[in-house]
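You will see subunit A twice below: alongside subunit B first, and alongside subunit C after that.
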Partner chain A sequence: MECVFGLVGDGFALVVADTSAVHSILVHKSNEDKIMVLDSHKLLGASGESGDRAQFTEYVQKNVALYQFRNGIPLTTAAAANFTRGELATALRKNPYSVNILLAGYDKETGPSLYYIDYIASLHKVEKGAFGYGSYFSLSMMDRHYHSGMTVEEAIDLVDKCIMEIRLRLVVAPPNFVIKIVDKDGAREYAWRESVKDTSAPA
Partner chain B sequence: MARYDRAITVFSPDGHLFQVEYALEAVRKGNAAVGVRGTDTIVLGVEKKSTAKLQDTRSVRKIVNLDDHIALACAGLKADARVLINRARIECQSHRLTVEDPVTVEYITRYIAGLQQKYTQSGGVRPFGLSTLIVGFDPYTAVPSLYQTDPSGTFSAWKANATGRNSNSMREFLEKNYKETSGQETIKLAIRALLEVVESGGKNIEIAVMTKEHGLRQLDEAEIDAIVAEIEAEKAAAEAAKKGPPKET
Partner chain C sequence: MSIFEYNGSALVAMVGKNCFAIASDRRLGVQLQTIATDFQKIYKIHDRLFIGLSGLATDAQTLYQRLVFRHKLYQLREERDMKPETFASLVSAILYEKRFGPYFCQPVIAGLGAEDKPFICTTDSIGAKELAKDFVVAGTASESLYGACESMFKPDMEPEELFETISQALLSSVDRDCLSGWGGHVYVVTPTEVKESILKGRMD
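Let's turn to the complex of A and B:
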């Protein structure tokens, strides 16, 4: 029931992910961060098998860092996306990773961009994308309300509409979501949307 | 493809590894490099031999980053340096991936030294012809460190050291003048050591400063020239003071 979706706005890109770590019928935690900050201006939102998710995204992050040290300049978003897809493709017919990825980034020359990379190594550059059962609702919502060049406020409004729709219509809807943004000032957490706070045990 | 199994680095009758000693000769011919450890700053300096007029100087980086908190300068065969630096950079990221912690300066020094040693005891290869000066701040403890490795694969920690051309003169100077410094004083000490053997001026020296907060920062020519001018002024003042006040007639 993992939900990851994202969209590109005017000079920024947003990635939203649910924050529940689930194993069969048990919810391990509801504040799991599934959107990795790949480098100063890239976000990697991932959903799928939790072991593969952590392993693969960390591997991509370290390779992106290595590129930067070797070459003195960071990878472009497109290059990072193609590298990620290439790794998934190489592993596909041996030891496939079960991870779906939305890679968002901001490049000085080309502005914000969003890449849809699924677990069988398809790569698409998109304006809006979504994975999981939640995609049935968030994608439809975005199809209805999205237009290119949205402001941050408009985009967050759309994100909230998507989250509300998921909460309303998905049978086992995740309670909490995290929203991260990337723009010319870098990649950072924007907000959380929590309907269930993690409570500590009574003393 | 046949394996290379004949060793090139073998013992001489009197217990020397000549290939390693020849490698050290190569280091002695390389450009001068100095490292000074302060309490909160570590400085690396290298001599910039006169560059060809048509060469793009920015493409010749002598002090490099291995990670956000580790830097390296070397003396000797620059092509060998490229290979070693590449392997070290991979190891820095690999360490972060497997144990989710950045390397300590000692760890990466041990790794580089281990690599250099391996090439003195493998078939078909020659030793790396370079000595490195590795500086950095350990993660979490923020302890500054300066290490040196050489072609034989030995390494040790230093308060200040020099390698490459005229390293003995620089080391002598450092032994005479070293004291615990911080910030600008550490930079001055490193430059003063380099100036013992290098022609004065910003365009003959490359200096990089590593601090805990800002990582590695390369000083630009103007900054270096300013500090060199300060040092010359201090030297002149010291000379004048030595000569003593003018005698009263």
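Let's turn to the complex of A and C:
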């Protein structure tokens, strides 16, 4: 089951997602990137139906880019989050997307922020958030160990604790996770936590 | 499981002497899981008009955005703020527009009308207005709130006493409802000022 979680630290925000692409009982691949880099300083971690996830996050990414082309300045994280919520809300009573989203970003004026947007378009700015069955473990872990203004080292330590708890206690725990970070220097991949490596095809 | 009980909420508004108070809980949940403990359910339309929205959080957010939009248009055209009675009719009309595909919200409207007379009302999810002279309640904790308010309410309370009464009614009611709570958010509005307070109750 898909696990996405994230938290805000001192001048940065982290989003962590599992990397399994699953259909029923079959694992198609274990290195699927579910955290999209929206623009230079935004991350969009998504979980849910794989088709909706890919289509909707790409749609948001292209619209964020379009705004920047048209207006010459990038969207703020709050604006991007509200745009995303608006699209989900409009589609909700016509053709709903089954995608849960954690949107993390860094703005020069307001610093790091994390937005929780669930599949029925409820939006809330949070310090820590999580989706999926993994949330029962990662949220509790974060409730215990999180404090505001954590350093990157402390936050990664907490993320590792959450991943270990998910691997230990979730019956169909995903083997691999990707961690992405966004801070004043931009949005980028931070690390992978792999316990199963994809084998490459024989030459 | 009802769609109105998906996120969990508790709202109450009370009338005092030339003032009113409106209070809500602070929980945002997804069924049994709590997502946030600082979720806002009461919104200011203008200095003398507040609306609380209980029920499904996504619809509460959408409805609030639509209402603010309509009120801003009204302000541009009429060059004044909306009266609470007018706003209540607007809310009712917007909800009934979606009669066969409704917003899953129950609003609580509270405002100071002409001559600083307090006005409160609530509607159901399809816009049936219920005006009251004393108090109105909404949300998953509404049954407890009816009981608490009925026993604690007195007419013509001053702002300080009104604050105490509404706070106690809210906290004791949400303690009997697992889907609402995690503190309280109270606004006491008089003709001269708006006092906003956060209550600390049982954080569970």
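Convention: the second predicted complex is superposed on the first by the 200 of 203 C-alpha atoms of A that agree within 3 Å, B and C clash if a C-alpha of one lies under 4 Å from a C-alpha of the other, contacts with A are read in each partner's own complex, and residues count from 1 in each chain.
Here is the rule we go by: contacts are C-beta pairs under 8 Å (C-beta built on N, C-alpha and C of every residue); 3 or more make two chains touch, one makes a residue touch a chain.
Model, not experiment: these values are computed from the prediction.
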First (subunit B), second (subunit C), both or neither touched by A:Phe83: neither
First (subunit B), second (subunit C), both or neither touched by A:Tyr59: first
Contacts of A:Tyr146 with subunit B and subunit C, given as first, second, both or neither: neither
Partner chain in contact with A:Tyr190 - subunit B first, subunit C second, else both or neither: neither
Partner chain(s) touched by A:Phe69 [first = subunit B, second = subunit C, both, neither]: first
If touched residues of subunit A are counted for subunit B and for subunit C, the larger one: C
Subunit B versus subunit C as contact partner of A:Arg93, first or second or both or neither: second
Touching residues (chain side subunit B, partner subunit A) in the complex: 61, 65-67, 86, 89-90, 92-94, 96-97
Subunit A partner contacts - residues on subunit C that touch it in the complex: 7, 28, 30, 33, 35-36, 39, 56-58, 61-62, 101
Subunit B contact footprint on subunit A (complex, rising order): 58-59, 62-63, 65-66, 69-70, 72
Subunit A - residues contacting subunit C, complex: 85, 89, 92-93, 116, 118, 120-124, 126, 129, 135-136, 139
